[in-house]
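Both of the next two complexes hold subunit A, though its partner changes from subunit B to subunit C.
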Partner chain A sequence: MSDERQQQLQHLIEFLRTVQKPNKPIEQIGPDENLVTSGLIDSLALVEIVVYLENTYGIDFGAHGFEPERLSSMSSILEFIEQART
Partner chain B sequence: MSINRLTQFHEDPAVIAWWQARLGTVLTWCTPGRRRAALAIAAVLAGVIRPLRDMARADDLPVPSDWPGLASLVLALFAILWLVYQAAVHFRSLPAIVRRHPQISIHLLYWGSLAVLWLSAPTGGAWRELLFGLAIIFPYLIWRCGYLLLSGQYGRAASTRFVDQIIPLWPAYGGTNTPYGKGLDYLSKCEAKNEEELARSQLAGIKLFVLGLIWNAAMTLMERTFYGPETVIPRLNQLVVQGAQAPFLASWASVYCELVWQVLRHAADGHMIIGTLRLFGFNVFRNTYKPLLSESILEFWNRYYYYFKELMANFFFLPTFTQLGSRLRNWPRLRLLAAVFAAAFVGNMYYHLLNLETLVAQGDVFAAVYTLRSRFFYCFLLAIGIYISMRRQQGRGGKPLAAGHLARIGRIFGVWTFFALIFIWNVKSGAPFLARVEFFLGLFGFA
Partner chain C sequence: MLLDLKVGNLTEPVSGRNWDSAEIGHQVARRIARFKRHRLAPGDRVFLPFGNRLEFFVELLAIWRLGACAVPIDARLTPFEIDTLVTAALPRLAVVDDATDAAVVEALVAANVGVVDTVDTGDEEALAGLSRLDDDALILFTSGSTGAPKGVVHTHRSLRARWVSLREQLGVAAFERTLCLLPTHFGHGLICNCLFPWLSGQHLFITPPFKPEIIMRLGALLDEHRITFMSSVPSIWRLALKLARPPSGGSLQRVHCGSAPLSAHVWEEIRRWTGTRQVCNAYGITETGSWVAGLSKADCAAEDGLIGEGWGAVVKVLRAADTAAPLDAEGECQTGELGFVWLNTPALMKGYFQRDDLTEKAVIDGWFLTGDIGFIDAQGRLVLRGRERDEINKGGMKIYPADIDAVVERFEHTADVCTFALDDAIYGQTVGIAVVLNKGDDATIRALHQWMTAHLAEHKLPSRWWIVDEIPRTSRGKINRDAVNAACIGLPSLDLPKILAGGEQA
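Now for the complex of A and B:
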C-alpha cells in the first residue's frame, strides 16, 4: 500500500470512528468487510461518508453518480477516491 | 441448549453439517446454475400467469380478454423487459440525457404511454386494449426495471444474461410492487457459492418460514381473542370512521394493536418471500427485522419494511442527496431535509399513486390523488419524524444511548407511539381526513 493510500485509510478510519455505532470497535472490521452488514455503521452513516468525501476530496457525486456498493467497505471507498480523482 | 443457540440454529456449524449430511446429494445437484434455471422457468410462468390473472380481475375495464389479446399482452410485456435489459446492457450507448437520468426516463416513458392511452378514442380496439393492459401491469415491473437500469448505469448488467435478469423481473417467489430482494445485482451478491453456504441459506430460509407461521398464528390469536370486529378492541379502520365519538380506551388500545398487527402482517408475508429466496440460495436480508424493538424512528423505518425503504433510498433519497451536493453544500440540514422529503414524502406518495394503477390507467389521476389524501399527511409526518430522528442521531456523533432498561423501554415506547399515531392516517378505511383528525384529537381529550 502506498504512503498516500495508507494516509487516506488512517484518515478514513478516524472519520468512521465519529459515525460508527457504539460497542463495535472498528479494529474488528477488515478493509474488505462490508461496513453496514458488519454492523459498524447504519445506512445514515452512508450519507455522512458522502459528505466526508465531498468535503475532504472534493468529489462531486452529482457528476460521478452514487452507487452505495462503492462505499460499502474501506477498500472500496479508497478505490472510489482514487478513481474519482483521476 | 441456550435460547440464543436455538434461535440462531442456522448459524450453528453442527446443524449446518447435519443438514449437509442429510441433503448432500441434493445440495451437490443444486448448483447455482440449476437453481437459477429453476427460478427462471418459474419466472417465465409467473410472467404468463400474473398478466392473465390481473386481466381477469379487471374484466370490467377495456383490457384484453380474448386469447389473441392476452397472448399479445404477455409477449409485449416480455418484449418491454427485453428492451429494458438491452438498454441496461448497452447503457453507454444510450443518449446522454437517458444515461444521466435513467429512472426519470423510464417513468416518463410510462407516463407518455398513459397519455397516449388517455388521448386515444375508446373505440381504438385491440391496440387500445393492449395499451390499457400494459398500463395496469407495468407499475408492478417499473421499480424492478429501475434496479435493472441501475445495474446498467454502474456497468454490471453487460455481463449478465436475460434469462437470469428475468428472475427478479417476474419474481415467482412473490412480492408486491416493491421488489423483495431488489434486482439481480443484489441477489448475486448474496448468492450461495458452495454447498455449505447453500445449507446455511436454506436453514435461514426455514427459520423464516417457521417465524412466518408463528406470526400468522399470532395474528389469528389476536383476531380470535381481543382484536377484531366482534371483539373487545375494534380494528382501527372501524374506529377512525367514528371520529371523536370513538370510545377512549378502546381507541388507545386499537392504535397500538394496529401497529403490532401491521408489523406481524409485514413480517409474516415478507418471511415467506425471503424464505423462498433463501431456499434457492439467495441469502438476502429479511424484509422485517424486529421493528418493535427499535429505539428510534429511523431504526424502525429501516427494520419494518426493508425493501420498501431501500426502494425509497435508492431511487429518491440518495439521488436527491447527491444531486443537491453542489447546490446545498453550505446548508447540510436543508440538504438532508430535502432528501428525506424526496423519499419519505414524494417517493412514498408517488409509489402509492402508481399502486392505484386502474384509476391511473383510466385517466382519473386526480381521483387517485384524492384517494390518497390521508396518506399525504401520514407521509408528511413520517418525513418529519425521520428527519428529526436522523438529526438526533447525527447530534450524538456515535455516542451510545443512555443505558438502562427503563431508558430503553422509554425509547421503544416512544417509537411505538409515534408510528401507532401516524398510522391513523395510513390505515385503509373509508374515513375522511377530518374524521381521522377528530379521532386523533379524541385520543387526547380534545373531542
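Now for the complex of A and C:
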C-alpha cells in the first residue's frame, strides 16, 4: 500500500470512529468487510461518508452518481477515492 | 370499515410480490377462519409486532371484521419493552412473522399471549362483519414502552372521520398509485399513507421502512411503478435529494412531508426533485388520526413551518396551554400572534388506553391540546413555529426522553440522568444523555451500556454520552433538558467505542 493510501486509510478510520456504533471496535473490521452488515455503522451513515468524501476530497457525487456498493468497505471507499480523483 | 366497495391492490416493490383485491379477499377470509379457531372475540386485542408487508394489511382487516382491536407494535422493541406493553394492553393473541426476534416470541409466550405466524393460515376460509362504529379499532403506543405506556385508542368511527375528511379535501385521484416508505406501526405511515388510499380502492406499494438503499433508488422506484403519491419525513429527503436521481416519468401528482417541520428551502428542493409543485407539509398527530391539516391546493410559495387549513378539523391558536378550564373565545390569539395550537375534530382518539389521567390533560370539551406552538396567518392558514412536547424527533421517529430516563434510573449505579435531543445533520435530531454515576469507572459504564442495550430498542440508544457530576434542575426540582444539553454540548463526550473495546480486551 502506498504512503498516500495508507494515510487515506488512517484518515478514513478516524472519520468512521465518529459515526460508528459504539459496541463494534473498528479494529475488528477487515478492510474488505461490509461496514453496514458487519454492524459498524448504520446504513444512514453512508450519507455521512458521502459528505466526508465531498469535503475531504472534493468529490462531486452529482457527477459520479451514487452506488452504495462502491462505499461498502474501507477498501472500496479508497478505490472510489482513487478513481474519482483521476 | 372500507371506504369504498373494495380495497386496492397491494404490491411490495422490493420483493415483487403483488396481491389483487380477489387474492386479498381470500387472504383475509383464511385469517378470519384462523382467528376463529383461536377463539378471537369482539373486543379482544391482537398485537402485530411486524409490518410493512402484504400480510400485515390482511391481518388488520381480519381482526377488524371479527370486531377485535389491532395493536401494531414497532418490530425493533426489546423483549423488555414488549413485555411492558403486554402487561398494559393484555392482548389475546400476537401475530408474528419470520423476522420477529425469537426473544420477543418467548416474551409473548411467557406472558400467556397466543402467538401465531402470519403465513400460517390453513386453507379454510370464513366470512365475518362484526365491527361496529364505536368499537376500538386501533391502539398505537406512542411512548412509555419502558414504564407507563401511552396508547392512542382510535375507534372505527374516529378513523372513518379522518379518511372521509381526507377524501372530501383531497379526493382520491392523486392517490391512485401510492408509495409508503414509512413504518406501519405509527399514525402517519399507517392511518394516512397506507390505509386512506388502500381502503379507498387505490393501489398501495409498501416497502420496508426507512431503508436508505431504497431511498437512494427512489427516482427509479417512482418511475418503475408510476407512483402518483408518496408521503415522507424530512430525513428521507436529506438522503434522496443528495443521493437519488430524480424521477423522469412525471407520474407524481402529490407529495406530503410530515412528522417533523419542513423548511421552505427543503420544500422547494422537493418540488424541483419530484417535478410536481403539489408538495405540502402535512400536519399529523396520532391522536387526531394523523393528517389533520395541510394545503389542499399546494401550489403556493413555500414558507418555513407553513401548514395550511384544517382537514376535517377546526384549528385554533389560543393563549391557554392547559385543560384545567373550558376554552374561552377571549383567549384566542390575534392574526400573527404566537400561541398554543388546539384542534377540534371528529377524528379525535377515544382517549389514551386506560389512562384517563393523561386524556384529561390533553382534551377538554372535545378540544385537543397539541403541544405545538404557532400562529394563524393573514390568509387564515396555520403556521407552526415550535413544539412544547417532550420528545426527540429522530428522522420522523418520536423518541421520548422519559422512556430512556426510566431505564437508566433503574441501573444500580445511576444517581441521576437526563436524556435530551442533539442536532444531527442526517436525522434532524438524535439522542444524547447526561448521567451521574456513583461509580464512574469504565466497567460501570460498560455495564450501563449493556443494561440499556437489553432494555431499549436500538434506535433509542443515545449516540453521545456525558458523565457529569450533577444534573441541573429548576428551583421546583424539574429538569430543563435544553439547559442540560447546553451545559454538555461544549464538553467532550465519552469515547464509548474505546471504553467498550476495553471491556472486550480485558
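Basically, the second predicted complex is superposed on the first by the 86 of 86 C-alpha atoms of A that agree within 3 Å, B and C clash if a C-alpha of one lies under 4 Å from a C-alpha of the other, contacts with A are read in each partner's own complex, and residues count from 1 in each chain.
Convention: a residue touches a chain if its C-beta (ideal position, glycine included) is under 8 Å from a C-beta of that chain, and two chains touch if they have at least 3 such contacts.
Only a predicted model underlies this, so the values are computations on that prediction, with no experimental measurement involved.
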With both complexes overlaid on chain A, does A:F66 touch subunit B (first), subunit C (second), both or neither? both
With both complexes overlaid on chain A, does A:P25 touch subunit B (first), subunit C (second), both or neither? second
Can you list the residues of subunit A that touch subunit B in one structure and subunit C in the other? 17, 20, 22-23, 43-44, 46-48, 50-51, 61, 65-66, 68
Listed in rising order, the residues of subunit B that touch subunit A in the complex are 150, 153-154, 185, 298-299, 302, 313-314, 318-319, 321-326, 329, 332, 336, 339, 390, 393-394, 397-401
Contact set on subunit C toward subunit A in their complex: 210-213, 216, 235, 238-239, 242-245, 395, 425-427, 449, 453, 496-497, 500-501, 504
Residue numbers of subunit A touching subunit B in their complex, please. 17-23, 42-44, 46-48, 50-51, 54, 60-62, 65-69
Can you tell me which positions in subunit A touch subunit C when the two form their complex? 17, 20, 22-27, 43-48, 50-51, 61, 65-66, 68
